[in-house]
Amino acid sequence: MERREEVSRRPWYQEYLKGLWEENPIFRMLLGMCPTLAVTTSALNGLSMGLATTFVLTSTSLVVSIIRKLVPGQVRIATFTVIIATFVTVADLFLKAKFPAISKALGPYVPLIVVNCFILGRQEVFASKNPTGRSILDALGVGSGFIFALTLLGSIRELLGSGEVFGHEVIPGWHPWVVMILPAGAFLTLGFLVAAMNAIERTK
Amino acid sequence: MELLLIFVAAVLTNNFVLHYFLGICPFLGVSSRMETAVGMGLAVIFVMTLTATVTWLIYHHILVRFGLPFLEYVTFILVIASLVQIVEMFLRRFSPELYRALGIYLPLITTNCSILGLALFMVLREYDFIEGLVFGIGAGIGFTLVLTIMAGIREELAFADLPRAFRGAPITLITAGILALAFMGFSGLIRV
Amino acid sequence: MRSFRGGVHPPYNKVTQDRPIERVRPPERVVVPLSQHTGAPCEPSVEKGQEVQRGQKLGEAKAFISAPVHTPISGVVKEIAPHPHPVLGEALAVVVEGGGEMEDWPRGEVDPDSLEPEEIRMRVREAGVVGLGGAAFPTAVKLSPPEDKPIDTVILNGCECEPYLTADHRTMLERAEDCILGLRLVMRAVGAERGMIGVEANKPDAMEALRHASDGEVEVVPLKVKYPQGAEKMLIKAVLDREVPTGGLPMDVGVVVQNVGTAVAVAEAVRDGKPLIERVVTVAGEVGRPGNYLVPIGTPFSYLLEVAGGLQEGASQVVMGGPMMGIAQRSLEVPVVKGTSGVLALRALPYEEGNCIRCARCVDHCPMELMPTLFVKFAKGERWDLLERAHIMDCIECGSCAYVCPARIPIVHYIKLGKLKVRSLK
Amino acid sequence: MEGRLVVAVSPHIRAEMDTRKVMMGVLISLVPGIVAGVWFFRWHALVLLASCLAGTLSAEASACILRKKPSTLGDLSAAVTGVLLAMVLPPTLPFWAAFLGGVVAVGVGKQVFGGLGQNIFNPALVGRAFLMAAFPVLMTTWVAPGPEAVTVATPLALMKFDHKATPLLDLLVGKVGGCMGETSALALLIGGLFLVLKGYADWRIPLSYLGTVAVLGAIPWAFRPDLYPSPMFHLLAGGLMLGAWFMATDPVTTPVTKVGRYMFGIGAGVLVVVIRLWGGLPEGVMYSILLMNAVTPLIDRYTVPVPFGGKR
Amino acid sequence: MNPILVSVLSMGLLALAFAAILAVVNRKLAVQEDPRVEAVLEALPGANCGACGSASCRDMAERIVKGDAEPGACPVGGTESARRIAEILGLGEVEVVEKVAVVHCGATSEQKVKVAEYRGVKTCSAANLLGGEYACRYGCLGYGDCVRACGFGAIYMADGRPKVDVERCTGCGKCVQACPRGIITLEPYDRKRGETIFVACNNPDRAPAVRRVCEVGCIGCRMCARTSDNGAFYMDGNLAKVDYGKVYESGNWDEVVEKCPRKIIRMERAA
């Protein structure tokens, strides 16, 4: 079956804004959970991960939207993946060279951006069907949504885990909840956050 | 003994889902029904074992030999994508039922971080071939174990009067959180 | 003492067990439903305005699983129209107006060993005898087991495990000889060699009377006092240690079970040619004069309750049958039918369903060894496919699960609903 | 007779026991354990009890308000959770941590799953596991019974790390360090027997749980009595008595089938012995029960009994 | 050796190798699938609601392609999707009459005669086992099973009887299945006027019996049948019925509605 060109007809700013809420990858679409849960032990880690992912997403969307008409349907997934993997390698080498501390904190989860479902998802759903400008806006929007989610989650976990946010003391004399840094804390916090987002969505 | 340690660690103490957060997307997606969970679990065990062997061979005999370790991500993802596609075709041919049930999740095994994570961890920890194989099987079994437990729980929860906001992913995440708390009981069982 | 697994011990409240059976003066108007039994309704064989004599047939059984109905009083057919029915809600009934005193039916003579099985079956069928325990299955059908199911034992069910009810108890005590005669006629009809009577151990006087009447040819088996000891499958398990296979009938294990009241009806039908036009009914609970009454079929509940002293303050529910399995009535205009073993006036329980706490009391007490907790879960979740796989169709609706449920879940209600859905989806 | 007749499905009579009475029965049977706890740890125990109850009851009440449902405090299940939680916490735990534990127990352990009867994990143990992971230091600081709070190690820790056995009589009476309600095996045994004999809980789980621990514990001890504790020690030390009689018998989170209950007890027993002897932690009762809670749906699924008259 | 050359070479060779394997496997294990299934699936709404009786939209698409189901069988997709599917399958134009749910009981809880107090599970299907609290054995039980069954929020309870929001109703038929007394049916809807017309009673009994149980039940007076100019109203025994083939062509149904002595020929109008 031929793939149809389904150009989006939203106003351009909507292309960016929709990623923040209606198509927020974490809270609404529940994609890209692995890095979300793994690296959000602190707000800073969440933010860095978000930035790295947004870089990969935007670069990939750029390339894909340019070459979208050249890629045959059957091998499109493989092509997208290879492009993503390339940019992830770039990001990884960059972090290792310039921010070794962050690179160490994020550990193997930087290379795992390769398999972040929503990056591939955006290519499949959007970049492969839309012109370059729109695709970049879309990527930036979804990326921002991702950064927002990760930073929020990281902040909450850091706050409860140590009484600090971005390393600044927020609640003096806080007795740290070690569990927030552990996997269990990640699951519980995200679970409650998504539930809260559901509740907010419902009252709209 | 070393092999047993690797195995137990991969299944229980450092479970891929509950400790490394690998494979959360399919974990959330296919854990709602027991049959699909078991099918997916078996597919993952199979793919993981295969991946462990193939990536080990390629990494050590091609990338390292030619001094190209920086190509590992691209190579690994290529290998995994092809493997999954082969499994998919197999299923489609020999078990259309399972194929239909697993539906969109089969292509998602490609983007299942647990498979790539497995390859990466294997390289990172410098396992030899046999260790890598055991690690792959253990990780697959660990994934399937948690997936099955979760499916059992979720089939039960399907009948529960959950608060509306918690239905679906939130309750699954919270259950996984409690499960992670419970799995902490195994900590120290094997010191990795 | 012999018994089965599971079951419950509700307070028995058998206050009427010492009240002798008392004959009720027939009302001036009886309503005789044409469907008083399991199986096809019978067809009216009288016309409006026709004069009928006591014991005359009002409806003819055309189908195999069916039974004719007869008028308990002499009079005139007033109407053939739908009327309230205690089991079916509404059903076609023949209304006869007349009255007069009820006399004893003339007694005949019979030697049970001289009759051919076919003759017994025919007389039982003509008399419209059905199971008087409650389900009202046509007795003649039970007496005609297929060739490939040889019957070796007939068990008379004298358990009467439902609280309040004492009709069978009084029948065994006062009509012990007819019980034994009925049993021997049934044994001859089905070609069984062994006859047994299962009685709950709380009726020693009835057991004594039966033993005395039988001269030792039938075995009177005392059984543990436990509900539902009188359920057919439980009774067979307790008496013979045989298990009726799921979906099967007693004849699959070579057994025919008859209620003691039915045995008396069989005896009267064969010996005296008396049709089933009256039966013993226990009226108990919040009524002025609880007792065991011999009531013409077709007598409205309102009339019967008045005879029994009227409803007392606090009675808010009228149940046909026992409190464990009986049917709550919407109207007192429903008539006594052949399956009416009791009419109870009760204080209705409040409805206070809570959450299941999975305590498994229902599982532990289920005599059929089913999982009622699953039935509720699946019925609430509308998973009819799972309900069927959980063997809901094996449930005998004895109510033990709902009786013990601490969360007050009306489990039987969910089960009835589930069965209906499962059946309708087939 | 006035008014309309009531129609309802049979049965029209009911047994006395209702949910509230079941919960009350559990509370009553916990009394000996609580008395022992208060006797040994004085006001520490009372503060702990009050904080935990405040936590569980307020979480239950808030959940009902948030969900706009009638209050369920009356069924006493939140109170049972609160008392059980207090009994498995160290007596000197700060009151705010105990309160938090209570909130987590009912909030995360029960109400998000839909409330009474629908939770997968034992709420009190969820609360405790959370506190254990959140405040590992506070949760492993123990005091000796008596008016002066002297820091001590629990008998299980002494055994695990120093291979020192505590006299069995002390364990039985409860003159040892440990959680508020876990120290006196005797008091718990009395309460547990009451619970089971009065029919509030099923005897199968405690029996198979304790039996498995005793049998499995005896095997290594038979070979190296100098290194491994005796089965009696296994039974009396730590939280096993409380866990086996009161936590593992929580009907909501354990199997409904009889075979399933045996499996639950045996599984939990195996886990306790494995964690105690080879794990990094001295005690494994809580984890063993939580893990078996997780597999309870699977157990129930595969142990459905054959109905009467079915093929066996 | 030049690292760039080596990387290009090795990646290329690896890619080639895998491509070859895939190609072979693809050839060996190919599964024939009708491309039309994909196309039909696209034309369906994809809600996986199950209203059509199939397990999923994909299942439905397969059945339509096989010919086991009509192109218009999806109740939610309506005319638009039916037309597209017919196009895909080359069947040409298919007429689909849009239907909405109508409720054949219009009595409020005060108008129905109560005879009992019901204590049990508060759903219609459960209450129906015992007959509920009202005397009429054909009328609405009032516990709202249809409201819960509706996935589109198109039914709501007012004064103890269900009302249909014709704008939201998609005619999926879930409520029809949910009603244990079968008082809901799907009937054609007059798009032009934006309303439905129906008889709000389902009691086939004769007048005296109906009067005993309900203040507004159909008493079989034949007034509607006599008044109607084109025979759009007729009697089925003692119960008035609407012939939907004719009713929207009728010129005087306002008069028919007006003349009904029990006021049970009703209309549901789009808001």
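Order of writing sets the chain letters: A, B, C, D and E. Residues in each chain are counted from 1.
The rule we apply is simple: a residue touches a chain if its C-beta (ideal position, glycine included) is under 8 Å from a C-beta of that chain, and two chains touch if they have at least 3 such contacts.
A quick note: this is a predicted structure, and the numbers were derived from the prediction, not measured.
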item	value
Common touching chains of chain D and chain C	B, E
Taking each chain's C-alpha mean as its centre, the one farthest from chain C	A
Higher-contact pair (C-beta pairs counted), A-B versus C-E	A-B
Taking each chain's C-alpha mean as its centre, the one farthest from chain E	D
Rounded Å distance between chain B and chain E, as computed from the means of their C-alpha atoms	43
Rounded Å distance, chain A centre to chain C centre (Cα mean)	70
Gap in Å, rounded to a whole number, between the CA centres of chain E and chain D	51
Interchain centroid distance [CA atoms averaged], chain B/chain C, Å	61
Contacts with 2+ other chains: residues of chain B	71, 74, 78, 161, 163, 166, 170-171, 174, 177-178, 181, 184
Overlap residues in chain A, where contacts from two or more other chains coincide	179, 182, 184-185, 188, 195
Sites on chain E at which at least two other chains make contact	115-117, 119-120, 129-131
Parts of chain B lying in touch with chain E, wherever the complex brings them together	58, 62-63, 66-68, 71, 74-75, 78-79, 82, 85-86, 89-90, 92-93, 96, 100
Interface residues, chain D side, partner chain E - complex	3-9
Interface residues, chain E side, partner chain D - complex	114-120, 129-131, 133
Residues of chain B touching chain C in the complex	158-159, 161
Residue numbers on chain B that touch chain D, as the complex places them	34, 148-149, 152-153, 155-157, 160-163, 166, 170-171, 174-175, 177-179, 181-189, 191
